[in-house]
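Heads up, the next two complexes both have subunit A, just with different partners, subunit B and then subunit C.
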Partner chain A sequence: MKTEDKLPPGLPSTHPDRRGEVSFAYRFSTATSPLAVGRGLGGLARRLFGAKTFLINRIAFGLVAVLLLLALLGPVLAPYDPNAPNTNAALQAPGAVHWLGTDDVGRDVLSRILTGATQTLISAVLIVVFATLIGVIVASAAALAPRWADEVVMRVCDMFMSIPSLVLALGLAAALGPSLTSIIIAMVAALWPATARLTRGILRETMTSAYIESAQIVGMSRLRLMVRHAIPNSLDAIYVHASMEISGTIVMMSGLAFLGVGAPPPSADWGSMIAQGQDFITTAWWVSLFPGLAITLSAVAFGLAGDAVRSLADPSSRRS
Partner chain B sequence: MVYFIFRRLGLAALSLWGVATIVFVMSRLIPGDIAGVAAGRFASAEQIEHVRETLGLNKPLVVQYWDFLVHAVHGDLGTSAYTHQSVVSGIGAVLPATIQLVVCGMIITILLAVPLGVLSAVNEGRGGDTAIRLILVLEGGVPVFWLAIMLRWIFGSILGWFPISSTNSLNGAPPHVTGFSVLDSLLFGDFSNVLDSVGHLLLPAIALSAPFIATLARNVRSNMMSALKSDYITFAVSKGVPPGRIVIHHGLRSALGSTLTIAGMQFGWMVSSAVLVEAVFSLPGVGSYMYHAIVNHDTFAVLGAVLIIGFVFIVTALIVDLVQMSIDPRVRNVQVGVA
Partner chain C sequence: MDARSPILNVSALSVSVPEKLRIGGGQGDLRLVDGVSFQIRSGERLALVGESGSGKSMTARALMQLDRDVVLKGSVCWDGTELLGAAPRRLREIRGAEISMLFQDPMTALNPVLTIGEQVAEPLLVRGVSKKNAYRKAAQILDRLHVPKAKERLRAYPGQFSGGMRQRVVMAAALVAEPKLLIADEPTTALDVRVQEQVLDLIEEQSRELNLAVLFITHDLATVAGLAQSVVVMHHGKFVEQQNVDDLFSKPQHPYTRGLLASVPRLDADPNRRLLTVEDYMANHGGESLG
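And now, the complex of A and B:
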């Protein structure tokens, strides 16, 4: 990708501050985004794992990369069919044949955790992406709309946020009927208002800044102003918010599945695996224990990665 | 000040209306025929028609919405399709148990989070700080329902230290007066009854508080750190005030302001997390009510529970705001200034 010719005049592209900093956000906005993706994957990798990044952050990004890889390859890596019952091997303790044991109908726990990873992690990421997209679209529409409409949209967000998201998602998912789709819809519905509020706040600030005013004077339309200047400028905060949401989304999703509003029984979902194992925990602890560890590990990894993304975006938060 | 209080009350009323509206929209989202679901699986066409009439489902949507609001204001959220009891009285009977659990969880959260946050901030950058932060990170990621199951298994089943379910032992249940089992035991029973109630409450409350401790302690830590860097602390140090006094009297006091707000919001979130914990420990509470309603596809009961939890959440936020205004002059001045 040749980006040099699009750079604004000023610093030469060989300037130390500019190396590896050229980004799509940079080309659109006047401010360099510290989160900006560098040249392709190499630039991204340098930014995430490079010597300038703290060790703990590198560990966090590494864990997330491994988890996402497992989520993508889960069904392939699974040593057994996750849904095939085998009553001869029911409730076997962890051992050489079944590394993490088997459940009450003889299904391999490790295989179910691996296929569950695909379902849980991919849907958690999807939920956050959808909620972020809707939030940003609503916020920019509100920013462009007349003042009263803006006010109405923000009050609607407030109303959504005055029901705890778990309960809101639980009620919605229960109303829609148990399935993975209804969990995704319910969680997106519960999460978008926070993003919309955040984005609207940043846009409000951005719209009063000098460079937006100058662009307005030059005669740029409001829509173009929003899409090309204001939104790119708030991307950092949106990325940070989104990356910090994933961890909570994983935990909340598994909670919904635990309560039985998730994908119906045969499907391997971490939350429903825990629910299934709790009845015979005294005799077969492994059925509930390992999926819980998987949830905890994912939540911690994505949580640390969220913190790391924040510290990349805002160096002043590094010491707090 | 009075103006602000009224403005805040108005805002709370608006939120309540919003929650009711969202719940109404949700109730109409149910796929299929609501009357058919409410009448039961084996109802005849006539019976379904009768239910449709009694529920007012044959009226226009706007009229239905208005009826729903009027009923909600009068404390009528419909009838549970499963227990055939009024949803409000059903939830009202179990609400005290949930409040008791959440209050207990909140006490544990504050008792652990504030000292941890302060210790972490005072030792900023040293080993103690790192250790505390590491523990908080791990503990913050644990799902409450799983922790509840694990605690029940380890401390209830293996070690036998705590009872594994319910609010009281079979012969120890106090007469139902307030619905708060600990309070009822205090009113009526001997001391062993009180211990029994608290024992039944302890494991669920610990499980419930886990993720909240992490959030609150982090908040205390960052507030405390910025408080300790401020000029008046430097002044107190140079004056020779002993370090313990500086941390507690000078630092913590100013740090706790936003902590109170967070703790107040956590109260509402805890009520929703209680759904998960109560389901594990089979405690009779709003959570169990909601859980059983979901299992039995009792949609009106589910939505009633959503509405009531939203109500608790809004009222808590209101109380926290008012309390904060009365104890913190800075907040008071800012709020009045804005209003």
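And now, the complex of A and C:
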């Protein structure tokens, strides 16, 4: 075993008075650990599709993969122009020409569902990503801030959460005017407080662990402590929350569209398609039924996937 | 600087929890450490002993000002500057680079998602040392602490290490920035006896080689005997006795110290006699007031 008696010369001094000035960019690059985040994601992906995954989980992930693929390719796969009216073929029952029938102005229901998938699923994912990002940032700030600021932020979250999120989103979306962007903004505004509260709780717990304390005595700033040590160790719970949120978001977005604050017509949105078909649901059931099925299927698939992510992240909740 | 003048001079240090932050209520501020004074010279090994709750750890944590909710009074003078009330920036500069700390449980003291290298090099990275140099130095310090294949181990995760190895890694992280004082808060309590001895030997070895002052906190008098040069006995937040190590064991002054030493059970004692406790000693001295 070799022991060097002296530390080698030439290494930069760590003494505060003698250290060289370094750029902010350099400090930032050493403060974050993209590796740690990447490893977290990679490990999750391996577990998602690994050999030991339960059948039900694999089905869920398979469904989600198919849905996301459809969301990306939907407009290309659609057999007809989703917005072109064809009064000669109005309200046709499902059959060989129009697989899922046509609506009251003769637009192909299948084409509209496929086009709508892009809108609904992609924006649901976007909403959850943004809400989680805002939630995590707010929670980190609250956990770093002095006690009173933390209290203020959390009471603001409480205020948001005291209004049912659907009502809040409905009001905001109506105020912003009917467009996809306004729906996304409204939903993010309605969802972030829950994420922030949850994340703050998790971060607080992580911050009390011994390794955070030992990292602190190394002399790092609290910001670095948060970004490099506390957040990577809380990611598991954040992934789980985000994946569970997606299914609820899909249902809520469709609900908003159904109530008429979604993307303006003639854009194909699952929720507004149901609303459009409800006038003649007794005679032409297919106009409402198929978009409804699409919503249900997506919500169930993402819900199952969320469950699966949770069971993977937290072994104690695994079904035996 | 004169080698005999103390690098750390603590005088009349008190730690208390303000009334409104006391858990479970209670009246008045809760005083955890009550006016303690001591000095550490460079290269000196001082042990702080006492039972659980006597304020040993709080004293150490107060030096680093780790707790946000306690009120500190008195003076902590490090290398000529006062630390109590110093700017957070100045404190950050001192933590890790001049005063470092080892914690009780090496199993939880390492971040599970970062590699050993990232964690050992961190005190250097925080201070703007380049990654390459920081990792080089991390490997060297691990090597110094007898971690085999230090270079390859930098990429390993804490989960791949045993308890004794982890305590070495924690120690490497504490020593990598070449501090002048190491505060060791019961660093061997969570380890088995054999590993304990290795860790104690390492601390002593590093202290000798690097002229590193050590404040060693423990409740185990046996570890004190081999390691420290002088000992402070703490009870109810106060120092009851301060002596050099040989004198403490041969002629303890305070009844509490005598009680502590005598309550270590002896193998050759008469099994039919009740073992003496600290309270017996205190009672024999008319219940001298301590706290």
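Here is the rule we go by: the second predicted complex is superposed on the first by the 273 of 320 C-alpha atoms of A that agree within 3 Å, B and C clash if a C-alpha of one lies under 4 Å from a C-alpha of the other, contacts with A are read in each partner's own complex, and residues count from 1 in each chain.
The rule is short, and it goes like this: a contact is a pair of C-beta atoms (placed from the backbone, for glycine too) under 8 Å apart; a residue touches a chain by one contact, two chains touch by 3 or more.
It should be emphasised that the depicted structure is a prediction, and the values quoted were computed from it without experimental measurement.
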Contacts of A:N233 with subunit B and subunit C, given as first, second, both or neither: second
Contacts of A:S221 with subunit B and subunit C, given as first, second, both or neither: second
Contacts of A:E205 with subunit B and subunit C, given as first, second, both or neither | neither
After the superposition on A, what does A:E213 contact: first (subunit B), second (subunit C), both or neither? second
Subunit B partner, complex, touching residues on subunit A are 155-156, 158-160, 162-168, 170-172, 174-177, 247, 251, 254-255, 258-261, 271, 274, 278, 281-282, 285, 288-289, 291-292, 295-300, 303-304, 320
The answer for subunit C against subunit A in the complex is residues 64, 66, 92-97, 100-101, 103-105, 108-114, 118-119, 122-131, 133, 136-137, 140-141, 143-144, 146, 148, 170, 173, 177-178, 209
Subunit A residues touching subunit C in their complex are 1-5, 7-8, 11-12, 14-16, 19-22, 26-27, 30, 33, 36, 39-40, 209-221, 224, 228-229, 232-233
The residues of subunit B that touch subunit A in their complex are 14-15, 18-19, 21-23, 26-27, 29-31, 137-138, 140-147, 149-150, 152-153, 157-158, 211, 222, 225, 268-269, 271-273, 275-276, 279-280, 290-291, 293-295, 297, 299, 302-303, 305-306, 309-310, 313-314, 317
